[in-house]
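Shared between the two complexes below is chain A, which has chain B as its partner in the first and chain C in the second.
For the complex of A and B:
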């Protein structure tokens, strides 16, 4: 709900805003969806000026359509396939983890998801020499286990140390911390800050259900909205910055009881991902 | 935005340059000669039942040139889920074209327009800005939207207690889509997720008012009335549980005005949907 204000776009002056507001047009959506001839008459503003402002607002706030051929070209040059360190897993994933995609690992507790995540992190860091971001929401990340995996792959201590340094671990124990960490990542990647955090290719999130489950249940839909927001954030990060995002979770059917408007039961909380 | 005579000329150009889309996918429709321009088709079903795969199938049918068996028309794909998998589409094209060369594929992809939206407000504004694109490209007559229910929970949470506020954005989108479809003679395919399902242990008896197709597929409408009213065909997707069947997925296609129903099965292979 973007509210119209002076300076939002060239041509939108304070006087114009006051006149529009007096006629019930407060937000960008109101402006774009109203009949401009009508508005020009009622607010005694120039029709041409309104059309120009409308065009600029649309260009600023709407998404831009891309042509399929151009997109394909871009994808060919920016997509990379990251081997997971396990040949059979690679085969299952059609050669490995694709950047630009979210690959979810699902399984019952104790089925080995954290181990697979550590293995993938080790493989990408040591084998490909790319940076990894490991978001840990369960406290299940153990550096000693990771070191053990690296030791098994290479004898060189120097290499092992470098591989460990390329993996950044952030502990997040609720949804807000997680969203804030993802926002920080986005800011860093957008500004292309050259720091100890070099070229990032992999983001592991172990586990996503640990932060989502406390939000679900009861009558509020806020938890589901937050879950959708999280899934959207992961997908856009993967796509915009060509990262491979690997969340882990547990799949369970939830019955949220009688909702306000419609009748219940919601299937699979992780369906949004 | 165009008015009077100029609008009329453009409309004539659209209708003349327009080829029939009756052969788009006969298996999806209950009666012959569908779809026609102005139809709004809803794909409804739980996740993993082949809705997006069906959309890829339709895209491939549209963008492959007539010489190779397709329709050679332009397609606009609106992605609200960031779900669109270009590599999957390219695989389908490679399998369907006689010579799957890079040149051919790029030529086909040139007929596809893609746009991604991150919120229902952005979707609404994007639809407004797409109006110009439809005016400029008369042969662009197929609009695919995946999915319309992506913002349901977010909107519901943002709208607070008022149902009107919760549904407002979607209602505006539905109204504007209707306007686009009628004015520019488009065909709209939109997917919706089955977000609400009957619980497994509920002993509810069927309401007497339930239409025959609804009792079969357990359909619970949750999107706004404006959308419900503009849909002309509803296609229900479901996955087969019995392993003996070679076809994994089922569609039940309903023509809402004429109350005609047809049930078909399909499977998904490397080359896409196969009936």
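For the complex of A and C:
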């Protein structure tokens, strides 16, 4: 719902906007979906000018259709499969974590989610020599444990240290900090700054529920809205920059009716990611 | 081909910024989507378009500008600055960090050296098993000078159950001072003598900051004010909350509110632990989970709370081993980042059986497997 502003496209002047607003047309959607002849009469604007503006707006704001075959080719060339370091887990995931996808790890407390995340980070950093971003929201990231895992996989000390340097850890303890960190990541990747960051392939988020849980329930639906924002951000990051994104969480039953969180059960995962 | 638009920080959606819900609803109704649009309008235009006062508009714009300018504007190293590190830097930090020893070598072993700083440790157990005693011991042990292997810190003790007994702390402190004197005599080093001058009973007691909270509101308020307190007392290295379950278990009708409050509390505590390099120790009660054929004793406060702590210790009486005059205490570390060996969830279980002056059996348990005795060692 983009609001019409002067300079949004050539031909859209401030006077035009005031006239349109006086007749109830405030946003791009309003403009594009209205009957231009009618508008031209009511606002006493030139019909040709309005049509020209509409054409430009449509070109600017609509999405391009894509050919299925092109999409498939692009997918084949840009998707990488990252081994998780555990052969049985790889088998379960059909040979590993796919970039461009969000793979969520769910489990009860103490079941090993952080351990699996550390293992995946170690495997990608050491085995594939790719960079890893580890977003830690529980304080559960223990570098000594990661070091133990690396030591088990290789004896070469230099390789171990290099692998450690390729894993960047960002501690985010509430939802806004997390969203800021993701925005920063997006900026960095889209500007393609060649920094110490290097080629990033994996983003681990441990855990999502720690930052979302304090907001769920009660009468405000803010928690659900933020959760949806977060999930959309993770999915678009994964797709646009060919990353494998791994959030972890706990299974929770949400009563969507009044937004209450029921006692978590181990039966069905219902968290919306 | 999908269009990959380069989106600078200004294109950040308003939904991701910390604005009040009412304000956000008005902005959405008026058609604002990104931060850039908001900043373009300016405070006067904004207040006119969505019908708020100019001061409110200025405030909102300031919040937006602060968030979008990001970390360049924030002072480095202060609380709230990004906590960005490479794993190598964190490893170096962890290796130089000390532990708070518990004076029970078996427990210290299972914890990998002692209670870790910057992490939350939860101690669960049946009533009378020794949770408060362990907390009082830790409040004394955190003050042990560095030359004796301690972290030379101070302690904050938040008591919700009223089980803190000063005379017991005096006993513990006196024994600790005595222990350090013996070490100093055996080793005869200069810094030991100097440290012992300040490590006295009065000093130990005066560096335990005691707070008594009677209900959950007081507890939440206390934790909320804690960062300010810790900023003034920067030597605090331990925060104990003895009885996190008690204020939340009785008299709470709205369970979803309880979950929300507890999770918010957990996040606040982890921020405190991280920013002030302190260990946070919580004690929890046990409750019975009634299953289909049997009932088990599990930590209270529900499963979502289980994720709050980094390390969880469960203590209970063991009546299975041979009856003896010494009591047996089982330590169960339910989750810890320190397991050596394979990290696959279904496979790790090690049973270590040790005995010390109080006979104890320790085992690390995973939820879905059977227990198998793997190694057996006796420490006198």
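Just so we're on the same page, the second predicted complex is superposed on the first by the 255 of 273 C-alpha atoms of A that agree within 3 Å, B and C clash if a C-alpha of one lies under 4 Å from a C-alpha of the other, contacts with A are read in each partner's own complex, and residues count from 1 in each chain.
Everything below uses one rule, namely that contacts are C-beta pairs under 8 Å (C-beta built on N, C-alpha and C of every residue); 3 or more make two chains touch, one makes a residue touch a chain.
Not measured: the values here are computed from a predicted model.
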Practice task
Answer with first, second, both or neither: which of chain B and chain C does A:72 touch in the superposed model?
Solution key: first
Practice task
Identify which of chain B and chain C touches the larger number of residues of chain A.
Solution key: C
Practice task
Look at A:20 in the shared chain and tell me whether it touches chain B only, chain C only, both, or neither; answer first, second, both or neither.
Solution key: neither
Exercise for the section: Look at A:43 in the shared chain and tell me whether it touches chain B only, chain C only, both, or neither; answer first, second, both or neither. Expected result: neither
Practice task
Identify the partner contact of A:200: answer first if only chain B is touched, second if only chain C is, both if each is, neither if none is.
Solution key: neither
Practice task
Using the touch definition from the top, say if A:239 reaches chain B (first), chain C (second), both or neither.
Solution key: both
Practice task
Go through the superposed model and pick first if A:224 touches only chain B, second if only chain C, both, or neither.
Solution key: first
Handout entry: First (chain B), second (chain C), both or neither touched by A:140
Key = second
Exercise for the section: Report for A:33: first if it touches chain B alone, second if chain C alone, otherwise both or neither. Expected result: first
Exercise for the section: Could you tell me if A:64 is touching chain B, chain C, both of them or neither one (first, second, both, neither)? Expected result: both
Completion exercise
The shared contact residues of chain A with chain B and chain C are 1-2, 63-64, 66, 71, 220, 222, 225-226, 229, 239, 261-264
Fill in the blank from the handout: Residue positions on chain A within touch of chain C in the complex are 1-3, 5, 26-27, 63-64, 66, 70-71, 74, 86, 88-89, 107-112, 114-116, 118-119, 121, 134, 137-149, 161, 164-174, 176, 179-181, 183-184, 186-187, 190-191, 207, 209-211, 213-218, 220, 222, 225-226, 229, 233, 239-240, 250, 252, 260-264
Practice task
Within their complex, state which residues of chain A touch chain B.
Solution key: 1-2, 28-29, 32-33, 57-59, 61-69, 71-73, 75, 79, 98, 101, 220-222, 224-229, 232, 235-236, 239, 255, 261-268, 271-272
Completion exercise
Residue set of chain B touching chain A in the complex reads 46-47, 63, 76, 81-83, 85-87, 89-90, 105-118, 121-122, 124-126, 128-130, 133, 150-151, 153-154, 156-158, 163, 172, 176, 193-199, 220, 222
Handout entry: For the chain C and chain A complex, residues of the former touching the latter
Key = 1-9, 12-13, 15-18, 21, 28, 30-33, 37, 40, 67, 70-71, 82-88, 90-91, 93-95, 118-120, 255-257, 259-260, 263-264, 266-267, 270-271, 273-274, 302-304, 306-308, 310, 312, 334-335, 337-340, 343-345, 348, 366-367
